[in-house]
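Given below, in the form of structure tokens, are the structures.
Both complexes below contain chain A, partnered by chain B and then by chain C.
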Partner chain A sequence: MARKSTFLLLTPGLFVTGAVFLSPFAFLALTSFWTQRPNSLLVDPAFTLVNYVRIATDMFFLRVLFHTIYLGVITVLVCLVLGLPIARWIARRAVVSRGILVVLIVTPMVSGAVVQTLGLVNLLSLLGVINGLLKQLGLIDRSIRFLGDELGVLIGLVQAFLPLMVLPLLNTMSKLPEDLESAARSLGAPAWRLWMLVILPLSMPGIIAGSVLVFFASVTSFVTPQILGQGRIQTFGTVMYQQSALVNDWPFASALAVTMMVLLGGLVLALRAIRQRLARRSNVAGAV
Partner chain B sequence: MTDHGDNQQGRNLTSAYLSISGMAKAYRGTPALKSVDLDVNEGEFVALLGPSGCGKSTLLRLVAGLLEPDEGTITLADQRIGHLPAYKRDIGLVFQNYALFPHMTVARNVRFGLDMRNMPRAEAETRVADALALVKLEHLAARMPSELSGGQQQRVALARAIAIRPRLLLLDEPLSNLDAVLRASVRTELRELHARTGLTIVMVTHDQVEAMTMADRIAVMSDGEVLQHDTPQQIYEQPASDFVAKFVGTPPAAMLQVDRKIDGRFAVGDTIWSPSPELEAVLAPIQRVAVALGLRPDHLALTSADAPHALPATIRTVEYLGAERLVHVEAGGQMLVIRLSADEPVVTGAVGVAIVKSPPVFDLTTGLRLGRAG
Partner chain C sequence: MKLRRAAIDTVWIAWMAIGYIVVLMPIVVVFFASFSDGNTFRFPPSGFSLKWYQAAFESSEYRNALSVSLLVGILATLVSLTAGTLAAYALSRSTFRGKTMIETLLLAPLALPHIVWAIGLLQIYAWLSIGGTLLGLVLAHAALTLPFAVRIMLSTFSQLDKTLQDAATTLGASPMRVVVHIVLPLIWPGVLTSALFTFLTSFNEVTVSVLIAGSRYLTYPVRLYSELRSQGIDPTTIAISAMLVAMIIVFALIGERFLNWSRRV
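Up next is the complex of A and B:
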């Protein structure tokens, strides 16, 4: 009986998921095995692997793939370097101020990618706030080109996805007993050894979760590289957009999307295996 | 605070191993410690005893370097350590919740402090083995902390602190997370460990039995101050204030308010009472209208109501404890506790309470001891 009513309660959710997520996705996967008829809006629904062969052999798409992954990795690293001290600082605040700080961290995410990114355009453009400030301070003579450059896209990605790193880190770190750090210090650990031997290893669950989230968000992002890259920075997101909306090759765009999803899915499975092995070896997951 | 003067003199004559002076610390304007002075001799086991919030843990953390004092100096083995960060102090610390590193084996935990000192591996391994042997846990070296019982974890924490050969060992409520049976045995083990290693130990505890049974000297703290720093016997027999008398001892001392009438007689509540000549000799020089007597069960005896100098009383309850009984009586509206051996008969109804030993006398408002010789 309980099982039946549970299923009943799940029905609306399952229906929505099936209607707006699973079936379009199945259709997307199916489309990726079709081809676009030349100079036509119609597709040719004959099964073929030609789209995947093209992705695997065309150096342009491979380069874009690697560049996207590269940007993702750099974004993760920068977010880690910035996020770890932020998360730890917040984790050591009193509960009340911690709540306020978490809200501040989350606020930019709520405001939406477009608003944030357009705000960054104002900051980063050739005559923008940052270049103006640097010139005023006499640090540079000529404007730094952020927009249409990898640097600008990276700044945008980090700005957009830093909260995805800080929140899981904060979650793990606020559960670490402060006495562990005191113990390490009393045993003679200076700050850097405290971080290397105690804080980082025990924050691993948060580091992994945050890294996965930031990596996924940045390799699949579209708005940030599109606006800040100004068409000069190609990522999987922008290329998919070009193929579907500009070239109008939906099957090929679908194949790109499926490729990305398979890669990310494989990454998730690999990470899960690693985490399980880690947990078995050291009981970290159980103890923290 | 009464032995404040003695302390200051002592410090000038012989410099103590650990010397804390003028230590003050406030959290957001609320003082946790108000100018504390404390001397600990080399090899001594000192307990900081007090209720929660009295500042004893704050004092311990200040000594460890985990907190920065607002004022005051700390000297350890003739070296000023107040400015040193915690990791340079060579002070071992055992936490209430043990604070073992959950991602390291027992051996790695114990070796942690030695690794921080970049000790050669072979030497470190020997030290780890020695430290684990000292707490009788050699066989668990390869385990993870989560696989150990609370008592075992605590001994690992102890071994970890001892392995660095600390100049001072600090214990923060070391027994409070253990069950009652274990607590008694760990108490003896800690005493033995102290005897074997000769370490100077400062232990924080809120449990007066722990402090009385383990420490060479006890510093009783309340409200950010050290009220008395003395041997357990002195603390018990010569409490410096009513707080100390009430905090130490099982059952604690009862405070009996005694008023002096205009005609020179004494009254307890509404009852006129003539104390024994010995007690009167103690009370006579004290120029107060009202004082409090700190009465422990061993100051008192149960007599008949009409016995000379007896305080008329009524029995309220009798607690049976096996070898003895605790008789709770009411005299002049105030409660007293008398100890009787199991075979002594208990009279019921109206009885008398005789004060058989001169009790300490306290000021009613300040709580300080009065009429002490000298």
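Up next is the complex of A and C:
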């Protein structure tokens, strides 16, 4: 294909990605060094580090940051604990039910985030399904408060992002060579050793990919903490939203957004370094 | 030994069931709640009624929100499908320096956090004064959905046998004729898949839309979101949501059965 027509065909896509998707990131980086004039909608475009100093020194934002990371880590761990058995079963045991099990796990991904949240509010509210069920069974006599509580937000995050963990896990675990496992088993390895020494190490690429996806999705999520947290649980996403849409301090919201991007970017680079080191070590081990 | 094996399987399945229950419960509850006859959904359900479905079809307010969603979804699909198909064709049919970079660039919206993007987009839209307009919403949704179209079309074109096109050209067919008679008939399953995927992503989008939607173009998810925010759930929305999810599931099953969705995406 001629160079000119290639370029022509790429233009609409590059325009949409460049002008609509990438330019806001550049704009954020710029406005994060500006300030909002008090009591006005105008910004003061003089270079200043004030916003970043505020993020780094204000205990409120630091606490929100740590809390967001904490929620992300717990979500990843719960998703791993629930996702590993599901992925393993679909990869090894399910034959007839494989298709339906995969479809069921991805259903929430295609049916929309707000509808899920609507269902969760029905489930978790004080007079909701879970509290009703627990009372009916005589397990509790006062309703448990899920909404506006960390527990409710965590349930929502796990519900929304478990599919993001299962899919990469399934992808890796379906490819594990079966003869390695049967070798370990015939040499007398009990199930837990098989998992610790064979299955988990070989599934590492899927575990890392799934964990990264779930962590990213939960620390940047906004609808789930906003609705299930009912304003009482603050995360980076909800604080960014408040600063931009409610407080109208856009430069500060920009600085928060840039901070989040930098932290996530740093995490990606760190993971890449770890992966390279692991790969090198396994090469050395292979050579020996 | 056999007994032990069965016991392990039972525990295993029970553990898996927890995951499935957590993931599917919200949708199931929406379905049950939509048939409730009370104003709020309680457990155990008090009685069966179709009145919220009736209310759903009578409410002009929700009809408006749904038609905005439909309009934005269709326009965004047209934009991102066209741009995505052309770009994927160019990428799969030529080699040039920086090709990988352009591919990564086009797929970037999949990896970058939407909430961060939305904060920047909101400011640019305010500056260009297209915040809350139809154009603004469509452009935002097109940018968000473009990577899906690009990715699905890239894999579609990679499966397209190039010799067929060459043969047609050698036999004297014009480029237009080749596209209409050879390329399009072979790629339509991919086009349909990316169209439906793009549309659904746009139709369900909420994070970005909440920030940039004005009062004139409120999509259905944004309406639902503000309702959930203000703590009052109108049972009508439960009925509408139940119908939407049912439709989406039917679409997904048809797509899986006839177009092998799970292998294309």
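Assume the second predicted complex is superposed on the first by the 267 of 288 C-alpha atoms of A that agree within 3 Å, B and C clash if a C-alpha of one lies under 4 Å from a C-alpha of the other, contacts with A are read in each partner's own complex, and residues count from 1 in each chain.
The working rule: a residue touches a chain if its C-beta (ideal position, glycine included) is under 8 Å from a C-beta of that chain, and two chains touch if they have at least 3 such contacts.
What you are looking at is a predicted structure, and each value in this text was computed from that prediction instead of being measured.
After superposition on the shared chain, which partner residues are touched by A:G188: those of chain B (first), chain C (second), both, or neither?
first
So, A:A255: does it touch chain B (first), chain C (second), both, or neither?
It touches nothing on chain B or chain C.
Does the superposition put A:L202 against chain B (first), chain C (second), both, or neither?
The answer is first: A:L202 touches chain B but not chain C.
Would you mind checking which one, chain B or chain C, touches more residues on chain A?
Tallying touched residues of chain A, the top partner is C.
Of the two partner chains, chain B (first) and chain C (second), which one does A:T220 touch, if any: first, second, both, or neither?
second
Contacts for A:L169 in the overlay, against chain B (first) and chain C (second): which applies, first, second, both or neither?
It touches nothing on chain B or chain C.
Mind working out whether A:D179 is in touch with chain B, chain C, both or neither, as first, second, both or neither?
Touch status of A:D179: first partner only.
Touching chain B in one complex and chain C in the other: list those residues of chain A.
Looking at chain A, the two contact sets are disjoint.
In their shared complex, at which residues does chain C touch chain A?
For this pair, the touching residues of chain C are 8, 12-13, 15-16, 18-20, 22-30, 33, 40-44, 79-80, 82-84, 86-87, 89-91, 93-94, 96, 102, 105-106, 108-109, 112-124, 139-140, 142-144, 146, 150, 200, 203-204, 206-207, 210-211, 221, 224-225, 228-229, 231, 233, 237-238, 241, 244-245, 248-249, 252-253, 256, 262.
Which stretch or stretches of chain A touch chain C in the complex?
1, 3, 5-7, 9-10, 12-18, 20-28, 31, 82-83, 85-86, 89, 99, 102-105, 107-108, 110-123, 127-129, 131-133, 136, 155, 158-159, 162-163, 166, 191, 216, 220-223, 226-227, 230, 237, 240-241, 244-245, 250, 253-254, 256-257, 260-261, 264
Can you list the residues on chain B that touch chain A in the complex?
61, 64-66, 85-93, 95-97, 99-103, 112-113, 116-117, 144-147, 157, 160-161, 164
Which residues of chain A touch chain B once you look at their complex with the stated criterion?
Touching chain B: residues 177, 179-180, 182-190, 193, 197-198, 201-202, 282-284, 286-288 of chain A.
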